[in-house]
Amino acid sequence: MSESISESRSETPLLELDNIGKYYGNIIALTGVTTEVRAGEVTCVLGDNGAGKSTFIKILAGVHQHDEGTFKLEGDEVSFDSPRDALNRGIAAVYQDLAMVPLMSVWRNFFLGAEPRKGVWPLTWIDKGTAKRTAKEEMAKMGIDIRDTEQPVGTLSGGERQSVAIARAVYFGAKVLILDEPTSALGVKQSGVVLRYIVEAAKRGLGVIFITHNPAHAYPVGDRFLILNRGHSMGNFAKDEVSQSELTQLMAGGAELEQLQHELAAATGG
Amino acid sequence: MSDVSTVDASEQEARQSPSAVADGDERLAYRGVFTRLLVRPEIGATIAAMAIWVFFWAVSVPFGLASGAASVLDVASTLGIMAVAVSMLMIGGEFDLSSGAATGALGMITLLLVRDFTGEMGGAGFSLWIALPISFAFAIGLGWFNGTMVNRTSLPSFIVTLASFFILKGAKLGFSKLLVDQIQVGKMDDLALNADTRGGDKGYAFFQRLFAGEWVRNEHVWSGRDLLYTVATLAGICLIVLAVYEFRFARRQQMNAGGVIPFILGLAGLVAGQLYLHNTDDTTGNWIGSAIIAFSILLTGFGLALWRYEPLADRGSFNLDPSWLKWFGAGVAALVLSVIAARALDADNSDNIYLLFTEQGIRAILFISLAAAGAVMLLMAANIAGRSSQLMRSALLFDAAVATALMAFFIRSQSASPKFRSEVFSVMLVIAAVMVTWAAVTYIFRERREPDAQADAFAQRVLLVGMLSVIVGVGTRLLFTVQNEIDNGISRTVFSVRTLWFILFAAVCTWVLGRTPFGSWVFAVGGNKDAARQIGVPAGRTKTQLFMLVSVAAWLVGTLLAFRLNTIQASTGDGEEFEYIIAAVVGGTALTGGYGSTLGAAIGAVIMAMSFQGIPASRWNSDWRFVFLGVILLVAVIANNFIRSKAEASR
Amino acid sequence: MKNLKSLLALLFAIALLAAACGSDDDAASDDASADDAAEASDDSSDDDAASDDEADEGDDDAMADDEGEADVDLSQGGDLTFHMITHSEDGPFWSVVKKGMDAACEDVDVSCVWMPGNNDPTQMVTDIQTAIGEGSSGIAASLPSPDQLIPELQKAVAEGIPVYTLNSGANDYGTIGATTHVGQSEDVAGEGAGLRFNDLGATKVLCGRQEQSNVGLEERCNGLKATFDGEVVDEFVGLDADQTEQINGVKAILEADPDIDGFLGVGPVIAMSGLQAATDLGRDLHIGGFDMTPELLDAIEAGDIAFTVDQQQYLQGYLPIILMYLEVTNQNQAGGGLPILTGPGFVTPDNAAAVKELSAAGTR
């Protein structure tokens, strides 16, 4: 997958985070996080439950504002007021719940909140033909053939739903795509499908932030890895600086896991 | 949901590689038009509405007349306007318990504003041109208040609007007593009566025509009515049948001209039979007319299929599969039971089967429900068997047809009622003929298993034209009269402009819900509010607008009532909100939000109106009225759910 | 949004002002009708001193045993509190009853509590219990569903509280031990209507009810059956709250039975619905109604409706208060064990104009 570090790689990173921190009252939710996201690259954020991953996404997506450090978007220092603000600047988040309405059809979900219109204000209506065709085309670009865009999203498989959400974010001009645990609820095969979409999105020149707790999923697709543990950054590596087993070890808190391994070895050996 | 995704997981594999789809099992991938139609939320209500109409038509004479239809539409109009608005709100995930009281309140505001203060007591003496916009502004304000309170407090709308309900209920009584010193406010037509003393009627004449215009059918005599009715209805039905064929069967490469002759002969027979039936009144005439029609149906259907569709090579074989056998057994048992029930209860030959709680009445009900259940179960058996063998499907369809025909003759010989003897007999015979035709055509011709864009587009157009034709035919029949009927003393039939308001409102709401971004947002807000918000849908605003829509509908209904009744009682509309919600639910709207249909709600309102009207029209004892109402609603909702779950399972 | 809000506020204010200024000329009667229990009791406590003198003569030691702790109040008419518990406050009918009650309370200077029950027997049971608990000086109650209410009222009688029934309950006041019943005997009223239909020459009358399981309404229809020479069809046709449905319900029955040539609506709204249904169908019916509304009176004046049975309900609000007052202060027991009938009176095209004027004043 090394071909994903491609020619689209630019001089300034899309996102640059330096020593970002966030407090909720006197609780330190996140501190000292440094990483960068480049166009055409996949930056993986790894961490166990409670590591501060969700706080991290919420800062990036504009739900929360950071309390310390600098947050640069294409070189300019920014702080988003709202998710809408972040979205307007090209940062789209796909959450675990996917922001999908299960009972609504694929094309309606795809264009929800930004329906293509026909007619003259105030009498406008959805350009249904365009919407359906575009949805089908965009999905096809991601390599998914949706048989009927009229079918409700609830009848799609988990992987397909992910792909609809990703295709939607890509279509609406996202430069940075944040994926929150897209593989956590999926089986092995479906996870593979989603990982393929991630690579596909990066290939199309997006900066992808892939949040996961599964190093086996992260390592094959990632170009850069940020490891979080209990709100602290455990390191920020390029792919060539780290191996999958090291990632696993770092995620679990490095030293602690080493200790545990020693103890186990002593117990079984002795 | 979980089993859906596992099914889809395997399907999805097939979809991953396009080539696999082409040579894989095409049956799984092709969802026929009917399956797609069946997942529409309003389909259950439509079927239930037709069944209820047929039921009351069979047991009551006045119900089936134009005046009966006018009454049903009159009751349905005000109920339906509200049900449509309420269903949109429910799809958006909220309730408005103040909607019923609001109808009365807003009508009352209009009346208070136009009442003349120089007259008896109270009132502002405004012209209607001013009063109506002001009360409209009140409506907007009420909706805005409800919506904002729900959004701001995040309390369930049930509680918030319950408070609004009590406020409105109290305000109606309080203000009418305070200002007019009565618990009703009237009278709208004082405007017209006092027009000369006050210089003008303040817009009454105009708005009276707009909101309470009436169309007396008896004044529209047209001798060509029955001809147009017959031709338009028959042509419409033929076109609908053609559309169904196009959806169902695979086309021939080369059309077979040999089929055209029986097709045209059949059509001619249909017209002849229909005319014969229409021009005779005696039982024998009915019998012969029905027979001609039945034979023509067979001929037409077969001719059409021969002309356009490809014959089937492999017809399957007889197989005894327990999955259909159990339905077949149950169906036969139900039919046998229905005959036994009818015989056993044939104690006396009382002349009035309309009175439900005579033995005759019980017998009629038992007989009809058991026979209908039997026929439905036979059809289900046919459907299940048809998945593996065309031969079995045809055989079972034929059985159902024979059973229906037998029932028809049984009714004719047993029933003391002329209505049953003539009309029901003819109708059942025609149904049997259609089933036989279907059995034959299914046996010989190949069903479509793949999408055919050309055929589908053609069929859709034909279906549309056919339905329009039927509507025009039935409309003519309802809206015009012939001299003969007037001479025989039919009762005065009045259609009201309220019905047009109802149709207009339902059409606009259906368009908004289906075709505009706002409609999408309504579904989204009700289906998954957080997701909608995340994706940038203005959820709060959408909900507030929905509450406004409901109160604007309440304003419309309040105005219609004010012009119709001239006075508004303080109690007008109180408690009606549950009827709106029930109508919406009967029409397929989910109580949980995110799913539903305004068209369904409109049909739900018609169902309720038919029950309200059908029970007194059948002269059933009104003490049992709510039992019937409950049963009818239960049946409608169950049918709706059943059809939907069947359709979803077949996805 | 801000603009919208202020606009709405403005509109609201305009409309209210406009509606209110029209009622200036009737300010006095408005005030009277708006009197609720709280205001009434305020008034009476202001007048305490005056009422002391008036009521002193009614001082009665004999009552003390029965009344228990309430005996202190007996010497002071102004401190007497009477409860009027009714099954409804809807409809034009009950506002006149309340007006009668208010007038009587003012005339004899006592506090009165108006407790409308909204057609819910359970609510009425609670109201009766509340009245007993508050140490009521007298209870007047209507009796739409006797079975639930009789035991409660018997408890009140056992407590020594004077009990009167009003409006409905003519058959049960004896069982309760109530002093008497003030109202129209519903069967007698229905019988009167039956005789009217005989005079009008009707052969088959539909008796349309606007409520189900209301004994009073059924008795009206039964009274009609008793005296009417022809056939009577007795049906519930729809609630007053949905008059469209009511009208069409009547229409459906009229159409299903072409022999019907008379309609008795056992309430004023339903009588108008009957007229509307007949007009819609173009059928010529003899129509009778019960009770009154301005529209009904207009229709009678115009000759569209033949008559309405007037039970003079003003008396049903007025008399029980006076009778209770006299029983408490003067040990009078009116009626002699028989009900006191307030009706039926009939309004026909002959006297409609006169009644209309009184009705406009709110006392008929």
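Order of writing sets the chain letters: A, B and C. Residues in each chain are counted from 1.
The rule is short, and it goes like this: a residue touches a chain if its C-beta (ideal position, glycine included) is under 8 Å from a C-beta of that chain, and two chains touch if they have at least 3 such contacts.
Just so it is clear, the structure is predicted and the values come from calculations on it, not from any experiment.
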Chains in simultaneous contact with subunit A and subunit B: none
Can you identify the chain nearest the overall CA centroid, using each chain's own CA centroid? B
Nearest whole angstrom, what separates the Cα centre of subunit A from the Cα centre of subunit B? 48
How many Å are there between the centre of subunit A and the centre of subunit C, using C-alpha atoms for each centre? 71
Taking each chain's centre as the mean of its CA atoms, subunit B sits from subunit C at a distance in Å of 42
Subunit B-facing residues of subunit A, complex: 83-84, 87, 95, 97-104, 108, 111-115, 117, 124-126, 128, 144-145, 147-148, 150-151, 154-160, 187, 189-190
Contact set on subunit B toward subunit A in their complex: 1, 4-5, 8-9, 12, 15-16, 18, 21, 29, 31, 36, 511, 515-517, 519-521, 523-524, 527-528, 530-532, 534-537, 594-595, 651
Residues of subunit B defined as touching subunit C within the complex: 60-63, 65, 67-68, 71-72, 74-75, 77-78, 109, 112-113, 115-117, 120-126, 134-135, 137-138, 140-141, 144, 173, 175, 177-184, 186-187, 218, 354, 491-492, 494, 561, 564-567, 569-576, 579, 612-614, 616-619, 621-623, 625-626
Seen from subunit C, its contact residues with subunit B in the complex are 4, 7-8, 11-12, 14-15, 18-26, 29-30, 33-34, 89-92, 94-95, 212, 235-245, 247-249, 251-257, 269, 276, 280-283, 293-295, 360, 362
